[in-house]
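Remarks on the structure that follows.
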Amino acid sequence: MANSKYEYVRLFEQSDTLLPNTWIVVRIDGRGFTKLCAKFGFEKPNDKRALDLMNAAAKAVMSDLPDISLAYGVSDEYSFVFHKACQLFERRSSKLVSTVVSTFTAFYVHLWPTFFPETPLTSSPMPTFDGRAVCYPSHINNLYNTTFWALVQKGGMDSVAATDLLKGTFSADKNEMLFSKFHMNYNNEPDMFKKGSVVFRDYELVDPKGYNAAEVADSQAEPPTLSKSKEESDKKRRAKARITAEHLDIIKDDFWDRRPWLLTGQPGTLPKQL
Amino acid sequence: MANSKYEYVRLFEQSDTLLPNTWIVVRIDGRGFTKLCAKFGFEKPNDKRALDLMNAAAKAVMSDLPDISLAYGVSDEYSFVFHKACQLFERRSSKLVSTVVSTFTAFYVHLWPTFFPETPLTSSPMPTFDGRAVCYPSHINNLYNTTFWALVQKGGMDSVAATDLLKGTFSADKNEMLFSKFHMNYNNEPDMFKKGSVVFRDYELVDPKGYNAAEVADSQAEPPTLSKSKEESDKKRRAKARITAEHLDIIKDDFWDRRPWLLTGQPGTLPKQL
Amino acid sequence: MANSKYEYVRLFEQSDTLLPNTWIVVRIDGRGFTKLCAKFGFEKPNDKRALDLMNAAAKAVMSDLPDISLAYGVSDEYSFVFHKACQLFERRSSKLVSTVVSTFTAFYVHLWPTFFPETPLTSSPMPTFDGRAVCYPSHINNLYNTTFWALVQKGGMDSVAATDLLKGTFSADKNEMLFSKFHMNYNNEPDMFKKGSVVFRDYELVDPKGYNAAEVADSQAEPPTLSKSKEESDKKRRAKARITAEHLDIIKDDFWDRRPWLLTGQPGTLPKQL
Amino acid sequence: MANSKYEYVRLFEQSDTLLPNTWIVVRIDGRGFTKLCAKFGFEKPNDKRALDLMNAAAKAVMSDLPDISLAYGVSDEYSFVFHKACQLFERRSSKLVSTVVSTFTAFYVHLWPTFFPETPLTSSPMPTFDGRAVCYPSHINNLYNTTFWALVQKGGMDSVAATDLLKGTFSADKNEMLFSKFHMNYNNEPDMFKKGSVVFRDYELVDPKGYNAAEVADSQAEPPTLSKSKEESDKKRRAKARITAEHLDIIKDDFWDRRPWLLTGQPGTLPKQL
């Protein structure tokens, strides 16, 4: 069914195109990982080998799918962010989700022996993942989302409860809430277990003075329409960039302001070869 | 986000529940398999090892997900059929698609060395698959669909052209069309390359005399509501059934009438142990 | 935005095409009718003038939109049924719903003075309606639905409770349930207040002996593809048919078997002129 | 089906909730107005009475549905804008569309004799409208949209062609394009026929110096969560505001900067009584 573009409108395949000009986040979750952890003796609550394998698979996904701007992982869960101008697969949800999930799974299984050389996989249980796509009309780095996710991910609260709790609170309250409820001060968090991992292309950092990445991205009122040659050179720059997994504080604006390519979608400057 | 059932209604995750009482078909397709076939020297147009690996992965998927009634594969494509009464994952499209795609991919990569012992996988290209879910309000074994798919799959016609061609034709014309256009007589087709593979649970065959599986399934006006104990015993029977991959003619009613469990969703009789 | 068929895929308008080969029911409900009833002194619990106005508006809708097979009304609510083969507005949900709601509202307001000559409408409150489209993969005349709707509409039960109650019951129990819970024997129900109104095109009745309309409709495995001349003559026959509002028992098969055009979608025989 | 909130998830009614935090535009179009115009002798290409009737109906809709921030009408078409934080009807598309369409139709038919006293409506053709909802993740007042709509509405271009034409152009080119292609300079446009009508609540204008409404609205990173008493007082202020229809230039930022309530969703200051 590859020859005709719109056949699904006429037959039984229904359109699942995601709203244009929104950030697409494909989130994948390990299926039944409790059983897997038990069988292969993962250390609790975090196993370095397992997280390293997750990160390696995420980097491979991002290398295969250059449209992904950023990935963020915690535990057995990874979120892949596509820029709001992304047109990959005509923004069809099932195609985006299934491709990310399949690529992640393929590399996870393929790379398993590298990270767990002494315990080869067997048929049952196999590591598998499910996934879904969510659209966000605005940036993904605002404080509201952060606190929300902290409540959900670290506070063991479900998202409805978190939403209720946040109702009527203001920005000022939230840092307090993060600290008092979770004894957590993001600035001083120590490591990959607490901060999770963020995977991105590593261009030269920008001096954040007087620069606000969110504003710049917002001022792109119209989707960037590029000349063919610009598109080609962008593609090459993306392919040359090193993909890195770091354990940084993605809540502070500084992270985003120093890496404007994450929000603008324009590739940055490649670091000079040493 | 597993604790609360309806959070997606309130937040950004939008509902993608599939219409109740319809057959769900999750179809997966190999991504960029031309490159993969070239690299690993697949025989053209069909490679027995590659098809056997596809079938092995499909059987593993079906074993992991007992809600699947039937799977049908041709080339680098496989379709998994869920009964119209299926409630797995509350019929959420992204969850069904991603789980099938991930499980298939995991087994395909894991089983690769069994079928291609001399050419181990490398990082690029990795075998990956995309997928989508399609709902069908009526049975999947009617002649219309068959001819349609023959036109598409074997006639190299896209589905819009196929639909146009079929307009105004009647059942009588269709067998003729199958034969004259494609020199194909399903009854005499020789092998897995022509017929594709069908994967199903292998209960005792039923005498098709005076039995019409489609009618029986239709007469189930209401979705089967089972007692807990019946549900449990059904589950056990399904787990005990052997999952088999055959190369049968799924177009003739005989295939369906002898295997009523495929359309009714009720497990059949386990064959006696020899 | 009328010139290009698929622009909504590319821009912000998202597809809302309803699944092919399913029955589409557009249900409309009066908005804030309690206030309206109070202001214009409707008799409780049923006002003949108000129901007659509803029926007159429904007949006008059906006359304007020949694709509607049947309409069914109770209180301030009306359901309009489109045949599963219907292609009107390419089955776009918002277009179908808004057209039905707007046409119904226009006639309701326009015909108001005919039914309420002494109490002209004023700006507040104006009679308005909201609506939605629901797809059903199978016939709409089966017992399950009937009992379900009885529980909801007459038993004052919400639909979740009704679904729960019906779980585990079998066809035999249902007639009993209808009678014992609601002291209702459909065969002997007296009038428009109890049975509601059903609006349809009035062709010559068929002898139901040995005829099962549901089966005939089911056997139409493929959507009826008509020659242009057949389509034209069908259209004329539909336009000539009288549209009638009756208070009949739509639960018994007899209603449907004598009026096969309701399920097959083929116009019946026009009654001889007297 | 009013008692239970989520029954549609479990039964056949499928969720059509619109993406949170996006601007909802419900656009309605006259159905078959060519026939209507001919029958009632509308002046071409614009009939003042017909436009006045459209505006009167739009004002009535906005008065009935205080969640609407702004409405914009041209010819037989009207667009109603709901603020991105709007929660009316839980943002269900069919409910929003059908309510707007029904209310508009009811007032259009009801007010007809006021604007066309000498030509009363008859049953055929009745004025009816269809509608649809579209979500926009960003503001609706940017230049891109404006030029786009000018190309479509005034240039007689379909939206796909317009999109293509705009590709590769930059902001600077667009004002030029507006002028050269359409001999149109918005600043000097004369009247309701050219500019269309914009309907909004008329609070005290704000001094636009150093004020950018779009930025302010953007900085509302989280949806405004209001105390009950604030909500009540907002509601009262909205109810007291005069709803006006003007023929203003909505393209220039000045229109928006002087009326910040249109983008922020917070009611403005009521003008002093004279």
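When the chains are written out, they are named A, B, C and D in that same order, and each has its own residue count from 1.
As a working rule, contacts are C-beta pairs under 8 Å (C-beta built on N, C-alpha and C of every residue); 3 or more make two chains touch, one makes a residue touch a chain.
Chain-to-protein mapping (UniProt): A, B, C, D = tRNA(His) guanylyltransferase.
Note that the coordinates shown come from a computational prediction; the quantities given were computed from them, not determined experimentally.
Enquirer: Could you label the chain B (tRNA(His) guanylyltransferase)-chain D (tRNA(His) guanylyltransferase) interface same or different, taking same to mean over half of its residue numbers are used by both chains?
Expert: Mostly the same residues form this interface, as more than half of the numbers used are common to both chains.
Enquirer: So what's the Cα centroid distance for chain A (tRNA(His) guanylyltransferase) and chain D (tRNA(His) guanylyltransferase), whole Å?
Expert: Between these chains, centre-to-centre, one finds 36 Å.
Enquirer: Using CA atom averages as chain centres, what separation in Å is found between chain B (tRNA(His) guanylyltransferase) and chain D (tRNA(His) guanylyltransferase)?
Expert: 47
Enquirer: Nearest whole angstrom, what separates the Cα centre of chain A (tRNA(His) guanylyltransferase) from the Cα centre of chain B (tRNA(His) guanylyltransferase)?
Expert: 32
Enquirer: Give the residues of chain D (tRNA(His) guanylyltransferase) that touch two or more other chains, as numbers and ranges in rising order.
Expert: Each of 6, 11-12, 14, 19-21, 135-136 in chain D (tRNA(His) guanylyltransferase) touches at least two other chains.
Enquirer: Are the chains arranged, by touching, as a line, ring, star, complete graph, or other?
Expert: complete
Enquirer: Spell out the residues on chain C (tRNA(His) guanylyltransferase) that touch chain B (tRNA(His) guanylyltransferase) in their complex, using ranges where they run on.
Expert: By the definition above, chain C (tRNA(His) guanylyltransferase) touches chain B (tRNA(His) guanylyltransferase) via 19-22, 84, 135-138, 142-144, 166-169, 171, 218, 221-222, 225, 227.
Enquirer: Using the touch definition from the top, list the residues of chain D (tRNA(His) guanylyltransferase) that touch chain C (tRNA(His) guanylyltransferase) in their complex.
Expert: Residues in contact with chain C (tRNA(His) guanylyltransferase): 1-4, 6-7, 10-14, 16, 28, 31, 60, 64, 92-95, 97-99, 101-110, 121, 123, 126-136, 152, 158-161, 163.
Enquirer: Which of the residues in chain A (tRNA(His) guanylyltransferase) come into contact with chain C (tRNA(His) guanylyltransferase) in the complex?
Expert: Touching chain C (tRNA(His) guanylyltransferase) from chain A (tRNA(His) guanylyltransferase) are residues 6, 9, 11-12, 14-15, 17, 19-21, 90.
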